[in-house]
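So the structure is just underneath, and the comments pick up after that.
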Amino acid sequence: MKKVSVALMLMFLVASALVACASPEADSVLDKIQEAGTVVVGTSADYPPYEYVDESGNFAGFDIELMTEIAKRMDVELEWTDMPFDSLIAAVQEGKIDMSISCFNYSEERDEKVDFSDAYYTSEDAFLVAEDFAGTITNAEDVANFKIGVQSGTVQDEWVTTELIDAGLMEESNLSRYERVDQAAMDLQAGRIEVIVADSVPAQALMGQFGGFKIVFEDMLYTGPINIVLPEGDSELQERVNSIIAELQSEGFIDDLAVKYFSD
Amino acid sequence: MSDWLNLLIRFFDDFLVGAGVTLELTAIGLVMGFLLGLGLALGKVYGNKPLCWFSTAYIELFRGTPLLVQLFLIYYGLPSLGITLSQTLSAYLALGLNSAAYQAEYLRGAILAIGNTQMTAGRAIGLSRWQTILHIILPQALRLAIPSWSNEPILLLKSTAVVFLIAVQDLMAKAKRAATTTYNPIGSYLAVAVVYLVMVFALNALLKWLERKARIPGFEMEGKKGSL
Amino acid sequence: MDIIRFIQYIASGTAYTLGVTFVALPSGLILGLILAIIYVYGGKIAARTLSVYSTIMRGIPPIVLLFILYFIMSGTINLSPFWAGSISLGVISSAYQMEIIRGAILSVSGGQMIAALAIGMSRLQAIRYIVLPQTLRLAIPPWSNEAAIVIKDSSLVYALGVPEILRRAQLISASTQQPFLAYTTAALIYFGLVLFTNTLLRRLENRLRIPANP
Amino acid sequence: MTNKILTIKNLTKIYGDNIVFQNIDLSINEGDTVVIIGPSGTGKSTLLRCINLLTKPNGGQIWLDDEEITSKEVNEDNVRQHIGMVFQNFLLFNHLTALENVKLGLIKVKKLDKTAAEAKAFQELERVGLVDRAHHFPGQLSGGQQQRVAIARALAMDPRIMLFDEPTSALDPELIGEVLEVMRKLSLAGMTMLVVTHEMGFAREVADRIVFMEKGSIVEEGSPEDLFNRPKFQRTREFLWKITELYGKKEQEE
């Protein structure tokens, strides 16, 4: 009993000591990565099939497997850090993680804070509705007439907020922002919302998981190219990552991954 | 620091709206919890066997499970039984039902402290059982319960902070919004932490004041000396 | 999916819930104990500082604190959500546990300390051998309350994505379309855990009771 | 020339504006029993606490044997183990049995091994006649028994001097005798003792010297014979008269 409490106390002291040490800034993140032999990558493992935690508790998904290959080709170990989606950009910005892969779409506001790699995939937005949905959506803006659900902090959230709410097309009270996208799906099922605005790939995944949903509209709104988020102004690292992405694209590696994860 | 102040200024209106929602949730949860809690307390002390058993089970179950689970059960669970409540209504209901269990225990303690003598005295002058409870016991018990009860509003205010998880736009949801817009989660949550602190302090001061008010000489109950 | 596997899946989250509790509760106890000792015996400035710490920590909703501590921690060191969440809950609980232990120390009469000093014990020895053994016994009933609160608060790490009971209930309700059943199962598991802990601590309290202690 | 065990010079204690005692001079020879008497609130208890360094005096010096214990370099814990103290309200450690109460200081302070400590503790319990209560907790003992355990606990440290702070005033009358009996035996066995008490019978019979304190200073001191029969000061006489009067009344009532 004594030993256990001593061990716990030590553990706690070590943890708090670690918290107290901030990570020092290096000149180029690429140098730092190669010196350490490890790249620390942040993700928010709640967005299947891009990234999720599988039944045995391991990270899995399109982004995860892609990043594993990129790290292999950089000849460094890969270390994952899972954090809420909202905090990934801040973490890259403050140098707490080396880069982040989490189905990031390019946006101007994000580009002010961090850099983006070349796109490794292109996605579309989708409007997911219940099968008995009777409304008509011909233009993207028509969705403003319905009760919408989004995952908080995504580009879809951004699009609805700026293009629909700020533009005066809909009331903010008709938008529900969810912590996770499957919570939105449950509310779609319960009929509290009418449309989920999401990336089309996870939207299709939800369709498969829940059943009784359909996609009524697909287009690039704010989405489009998906990129890896890199620290601002580190061109060495950016070039290295871009060249590997180019390699993987020409070898057909990424297409194979897309087939594995995105087609049923 | 100046970044942080900018954030606070930029989202100040937003935080105020969120704080308003939080206070509303607290107030409605408190009132619902009080009415239901009073019923439960009376049921446990004076009810017949099934009523007493029900009250006890209710109190134990609601105090023995996390509020968040109760919230999800109401919000996501009930629709599969055909009951679909709105986000705000679900939040009110979860907070009210949860608080009722705690408030029932405060009230029950006070009722027990009044003791059987008051019941006997009431019955002796020809009042019915429920008349005695209504006119003799409750007026004393409610006053007696004030000191221990006055923890509940603050506990409830703090526990409302989970409702953002069912997309209710309370103060915590506003913090999330600020976090995703500014990419500064720590600063955003610190900002609302300050707002919560201010609300808790203000509420605390208000309750202290009310408690003093309730202690006006002449309104003091003999039963106050009872072991609470 | 049959009902047994359904329940099994949710129940396997219990390991995480218990894990979070077993990290948070003892670390909160150790930190709370150290802080309570400093509060009572550490002079005026320490007492003032710790009283501010306690007021702030207890005045902010646990989930807000959890997010703040979690972001600070996940930003500085590479901790999994499980560890970051558990340690954060431990820190939050430390403020409440400090108050419990401080109250208990104060209710062990000051004379006990004086009597220990009078036979030549140092202050630390007096705290270690005389004050604490009595304090910790006194602290068990309020502490068992806190244990139940920490078990219940462990559900908050759901928001960080830790696959504990509640998160699993949500995952399985999404795939089986049985949300009511899933959350009811989760609620009952939590209830069982709280009930079990309370019973265990009541036993402990009875076993450690000092005969005929005034 | 007898050995002086305790010497106090010019000792002063002030709490804020309140002067507890001022310029106290007192010395105690080896083997003597000195009894301090005087009205309540005249600083007698505080004086004992100062001697044991449980309270810091504002001025003056105290020597134990040849060592000045009020000097800054002194290790207080070390000093205290050589000065035994018995309190008005016993202050036994509530969570330990009688035996463990006596044993703890031997193990933790004197660093004796467990067997030696146990043997010594039994020896001390024997001295106060409580071997048969060794495994009882304080809550299971009468007040008189608790106080005797407290005496055994202090004796176990082999102190140079024993301080008694009104050891019987929290006891029911029928339990006072057993404690005084233990103290009488101790005194006869040559223990150096400084006792604050209202038990005039004990003072008269056992004390080598009696000190009368009032309003923070020593009014007079002398042999029991001199002080009781030929007090020099009016104040002493009044106090002694009051206390015997009270005593008389109390005895008649019971």
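For reference, chains read A, B, C and D in written order, and residue numbers begin at 1 within each chain.
The criterion applied here is as follows: a residue touches a chain if its C-beta (ideal position, glycine included) is under 8 Å from a C-beta of that chain, and two chains touch if they have at least 3 such contacts.
Since the model is a prediction, treat every value here as computed from it, not as a measurement.
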item	value
Chains touching both chain A and chain C, listed by label	B
Minimum number of chain-to-chain contact steps, chain C to chain D	1
Selected pair, greater C-beta contact count between A-B and B-C	B-C
Most distant chain from chain C, judged by the mean position of its C-alpha atoms	D
Centre-to-centre distance between chain D and chain A (centres being mean Cα positions), rounded to whole Å	76
Distance from the mean Cα position of chain D to that of chain B, given in whole angstrom	56
Distance from the mean Cα position of chain C to that of chain B, given in whole angstrom	22
Chain A and chain B: spacing of chain centres that average the CA atoms, whole Å	38
Two or more partner chains touched - positions in chain B	76, 79, 165, 185-186
Residues within chain C bordering two or more other chains	71-72, 75, 159, 170, 173, 177, 179
Chains touching one another, given as label pairs in label order	A-B, A-C, B-C, C-D
Chain C to chain B touching residues, read off their complex	56, 59-65, 67-68, 71-72, 75, 148, 152-156, 158-159, 166, 169-170, 173, 177-184, 186-187, 190-191, 194-195
Of chain A, residues touching chain B in the complex	84, 86-87, 89-90, 93, 113, 149, 152-153, 157, 172-173, 176-179, 183, 186-187, 189-192
Interface residues, chain B side, partner chain C - complex	60-61, 64-70, 72-73, 76-81, 157-162, 165, 172, 175, 185-186, 189-190, 192-193, 196-197, 200-201
Chain A - residues contacting chain C, complex	5, 8-9, 11-12, 15, 18-19, 21-23, 40, 44-46, 53, 57, 79, 81-84, 87, 90-91, 94, 96, 179, 182-183, 185-186, 189, 209-211
Sites on chain B touched by chain A in the complex	76, 79, 84, 86-87, 164-167, 169, 173, 176-177, 179-180, 183-186
